[in-house]
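Across the two complexes that follow, subunit A remains constant while its partner is subunit B and subsequently subunit C.
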Partner chain A sequence: MLNTLVRYFNLIVITLFILLLISFSLAYFFPGDPYTNLTGKMLLADTDGPLAAAFREGNVLQQFWYYVQNLTMGNWGHSFSSALPLYDQIFQTLPATLELTFYASTLSLVIGIPCGMLAGFLHHKKTDYTFMSMSMVMVSFPVFWLALLLILIFSLQLNLLPMSGRLSLLYDIPETSGFVLIDIINSSHPDRDAALYDAIQHLILPTIAVSFITTAVFLRTTRRAIVDVMATEYIKTAQTRGLPFYVIFSRHVLRNAMLSILPLLAIQISTLVTNVMIVETVFSWPGVGHWLIQAIYERDYPAIRIGMLLVSSIVVFFAMSLECISRLIDPSRDNKKYA
Partner chain B sequence: MPDVNLYDDEFHPSPWQSTWREFKQSHIALVGLTTLSFFVVLAILGPILTPYAPDLQNTTALLLPPAWHDNGSVLHLLGTDVLGRDMLSRIIYGIQVTFGGAVGAVLFALIIGTAFGVIAGMTSGVRSSILNHVLDTFMVIPSLLIAIIIVAILGVGLSNAVLAIGLALIPRFVHATRNFIKEEFNKDYIKTARLDGASSVQIYFKNILPNMIDVIIVQGTLAISVAILDIAALGFLNLGAQTLLPELGVMISEGLATAYIAPWNILLPGLSIFLMVISINVVGDGLRSALRNRMSQ
Partner chain C sequence: MILLDIKNLTLEIESNGVLVKALDKASLILEEGEIRALVGESGSGKSLIVKAISGALPPQWIVTADRMTWRGQNLLTMTRAERRKIMRRDIAVVFQDPVAALDPSATLQEQLTESIPEEFVAGTWFWQKRRSRLDIAHSLLHKVGIKDTEYCMAHYAHELPVDICQKFMIAMALVSQPTVLIADDPTRGMETNTKRQILSLFKNLNKTRDLSILFVSHDLVAISSMADTMTVLYCGQTVEDGPFQSVRKKPFHPYTKALMDSAPSFSPDLQPKSALIALGGTIPTLQHLPIGCRLGPRCPRAQKKCVETPVSRKINQHTYRCHFPMHLDDKGIL
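Let's turn to the complex of A and B:
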């Protein structure tokens, strides 16, 4: 167990290091001066700091070293377009993205996994075929088109739900944690309940748009895992022993199916993040994806670099942790994969 | 066994024939294949079939609804957009651009990804470890981020978007190839070949490659659907194909301005992306289960 933990810790560190290297080299790949691309400031003869000195000398190793040092000190550079520190900007937008991702993935898990189990147990029955065809249709939706359809139907035609943003401008909620629901619940605003209702209304459409596709993927993954487990010999043995269904389910099926579901969920995280970023743009959701896509329109290279580094680090962290957990609870898996 | 003719050999279907036999069993997969071939024909014959040029503006018929609508005209079967361009022609050209771009991206990813996968699968020790770590890192970067970075370095345009999506698709081919080769190397027939003195290269070309083609084709089919979605998404976000090119995602983002009075300008291009993707997914899924059934026979 300790062995696995150490190995995954190593893996995360190595992966983060590669990401740091990529983000540093981006400054050289982007058009313009590398120092300006890294910090958002011009490199003048009297610019202070070890990083500027390293750039004047042209020592790439030192440049990378001081770049990493700056990152750890929270000195992430400045945006081209707003000249604000990127550190503050990222932490203004990140909670919105995490919030949307969290709700969407929870919804997908709550709907997708039980439905997938049902489909798996009723393998090659009508329910199974219905679920499979439905999920096939759901996976094939282009996410931006789905978001537009939702806006067209629920906002423009039926006038039920708001089409953009996180909260109506009427409610002035002070930002403390950045997570809008938590902020509202903790605030002492006189119309707190109305604000909460409004925030939830704003959340519904983006959450549905993101979770629509993810739910279908989770459903298919779970179904496949259940079908595979149900075909094994130990389930047949359990059935011949006359164990009741719920015992077989909780003792054998659930545990073994989860082992193959967990690593597949880890792979899905990056797709989920891509969908969240696109949906944020359509719904003008003030998150990292929306911010990054604005940054590319404005050729804001420091912002693109740091956004890429941060989003992929978060994805790496979650994906690797999920994989680590699945490896911990399943020691039978091939341990020599990375030799 | 009834009427066995001793003089005829028993019929042994080739692997492809038996795959096709299994594939035919599923009606949905056949419908998907028909739809997919329809789209392929449209993509290839596009310029011959379209009634108008994709950028021909008919200023007497702006925002004309589709023909089945009361105000529609049979001259423009799917209506016109805000500049009076015929939607049917634009969608057919758009299928050509989007589908062609996706196939290009997948071919690029397939060639490079399979090559890396073979190297990763057949090496061991430190080299394999380094390769795997680097590849795993690229695997977790979301594809949209890779596309954003490529666009930031090289600038916008369809060819850069295709390159970006191709790069983003490489890891899935590497992964599939690597896992397949690792699995095959543990099987007995490879060990037998090794005992016969075959070198790694010989084993790869004689034993593994013929078995691997199925896996790659299934991966490739599914990757085309991902590539179509990504190219359209980049076009929609104005990071891929640019306004003059009739690309389906670009058409949707152009239709946004008139979404309220002319929703068909959004619905129809989106519907054609959706139909393309679902037909590819159905074919890919059918192919995968056909292969699985063939193996289990």
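Let's turn to the complex of A and C:
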């Protein structure tokens, strides 16, 4: 238990350290002055601070050290294009991304896993084939094209749902938590209900676009796990013991299937985040992905660097945590010593 | 009374587009209160018979039989619920590989207590029931010879030695107080003392509770100490069937004789370092089964006629399937 925790903690720390190294080296790889690329400010003779001093001296190790120090202190540099502190910008956009990711992954889990179970139990039956071909089609959709298609059909043709943004400009909701639904519920706006309705309408299309592929992947993963578990000796034995189906399902099938699904879901996090970023761009969703891609267009090097570092850190952290949890709750993995 | 009656059970599976008969007209009868040994080499289809009875065969196997009944009820045509009921209370099975047969993600306690039928559990409230379940589990585990029951129940199958897992399987089989116990190589991987303990437990249950046992094994010494009757299986065909002593002393089928001769403990006058008697060749693979009597190519008494499958003949209690049986004269008299 402790062993596993320590191992995964080390793994996360080392991976994050490598990410830091890469993000620091980006400052040198981008064209222009490394100090400017790192902080968004010019390195003048009278610029104060230890990082500037290190750059004047040219000691790379010291530069890296003070760079990391600045990062931990929330001193993430300034954007080229807006000259605003990146720390504030990121924490304005990050909640929108997290919100979209959360809704999309919840939707995928709620639809994908039960359908996958159904398909797994009805292995090689019509239901199974239907679900499998449906998920095959769903997986094959390129996410940007799907997003455009959704806009085309539901916004432009049918005129049912808004095509971009997070909330109509009519509603002026003060941002406190950054999560639009929570903000609306907590606000004392006179048209709160209308705003909530509007926000949900804005959410529908991006959520569907993101969860489309993820649902299909979850469905296929779950189906495979259920089929594998159902074919094992211990399920056969449980059946010959005459246990009723619900006991076998809840005590033996579910747990074993989940144990093999969890690590695979951890891998899916990076795909999910990528899809969220693409969808954000298409729907002009004011999240980190949209912001980062804008930064790339504008060659806003400090923003690209910090965006890349943040998104990859989040992916690494969540993926590793999920894996660590699945390792911790899986009793048969105890005996495997190494990560 | 006949509990389990299997006649001409044939199991087929498709292999490279051809149907292969893994079991070819195997027959088996289990009477109330008897211990029947099912003997055969590895790969002769013993475990397949066990799986066919318990319904644990993968769906791609094609099962056909003239008769396969439990107390007169047809096992092949009954609904799943009916079959499950029989498996829950009447037939208990101990499978060969205990570690694979136990759920890796559940403690042994969970798996043992869930097998206890509701009728045996005393108390009305869940904590009373829990207590009662644990008591049953502990006493049963002591019976099958597990000393540190607390420790073993709190652990997972992969954390314990194979023989403890095997004992758990036996305990799980016995917990429903079944009428029939089908034990597929139950003492595998156990050392002699534990083995003896398990076998004497089986014998005791057979005497005191009238438990019928289908004892699947190739341990002839263990079989000779407890079996009343014996069925010999070769390559998916039942070759001989009858009371143990009669089969052992006067085997009709050449394979039975070879099998008995191959056990050194059955031949007391065997000289040290002398060669063991064995048939030439090996058991054929499923893809290359000989037609007719499957022992044919290896049989010392085989003749031209052996390419036809022999029908089963019966003398007293003793059934055999051979064109040229031993210990009989030309007219088929002992």
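Here is the rule we use: the second predicted complex is superposed on the first by the 332 of 339 C-alpha atoms of A that agree within 3 Å, B and C clash if a C-alpha of one lies under 4 Å from a C-alpha of the other, contacts with A are read in each partner's own complex, and residues count from 1 in each chain.
Keep in mind that, in the parts below, a residue touches a chain if its C-beta (ideal position, glycine included) is under 8 Å from a C-beta of that chain, and two chains touch if they have at least 3 such contacts.
Values in this document were obtained by computation on a predicted structure and should not be read as measured data.
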{"item": "Superposed partners subunit B and subunit C on subunit A - clash or fit", "value": "fit"}
{"item": "Touching partner for A:Leu243 - first (subunit B), second (subunit C), both, neither", "value": "second"}
{"item": "First, second, both or neither for A:Leu44, with subunit B first and subunit C second", "value": "neither"}
{"item": "First, second, both or neither for A:Leu152, with subunit B first and subunit C second", "value": "first"}
{"item": "Which of subunit B and subunit C A:Arg255 touches, first, second, both or neither", "value": "second"}
{"item": "Superposed model, angle subtended at subunit A by subunit C and subunit B (C-alpha, nearest 10 degrees)", "value": "70"}
{"item": "Subunit B versus subunit C as contact partner of A:Thr232, first or second or both or neither", "value": "second"}
{"item": "Touching partner for A:Met73 - first (subunit B), second (subunit C), both, neither", "value": "neither"}
{"item": "First, second, both or neither for A:Val273, with subunit B first and subunit C second", "value": "first"}
{"item": "Touching partner for A:Pro331 - first (subunit B), second (subunit C), both, neither", "value": "second"}
{"item": "Of subunit B and subunit C, the chain that contacts the larger number of subunit A residues", "value": "B"}
{"item": "Three-chain overlay, closest Cα atoms of subunit B and subunit C, distance in Å", "value": "8"}
{"item": "Residues of subunit B touching subunit A in the complex", "value": "28, 124-125, 128-129, 132-134, 136-137, 139-145, 148-149, 151-153, 225, 229, 232-233, 236-239, 249, 252, 256, 259-260, 263, 266-267, 270, 273-274, 277-278, 281-282, 285"}
{"item": "In the complex with subunit B, residue positions of subunit A that touch it", "value": "11, 14-15, 18-19, 22, 26, 29-31, 133, 136-137, 139-145, 148-149, 152, 156, 267, 269-271, 273-274, 277-278, 281, 289, 292-293, 296-297, 299, 301, 304, 307-308, 311-312, 315-316, 319, 338-339"}
{"item": "Contact footprint of subunit C on subunit A as seen in their complex", "value": "231-234, 236-244, 247, 251-252, 255-256, 259, 330-332, 334-335"}
{"item": "Residue ranges of subunit C touching subunit A (in the complex, touch as defined)", "value": "54-56, 58, 84-89, 92-93, 95, 97, 100-106, 110, 114-115, 156, 158-159, 172, 176"}
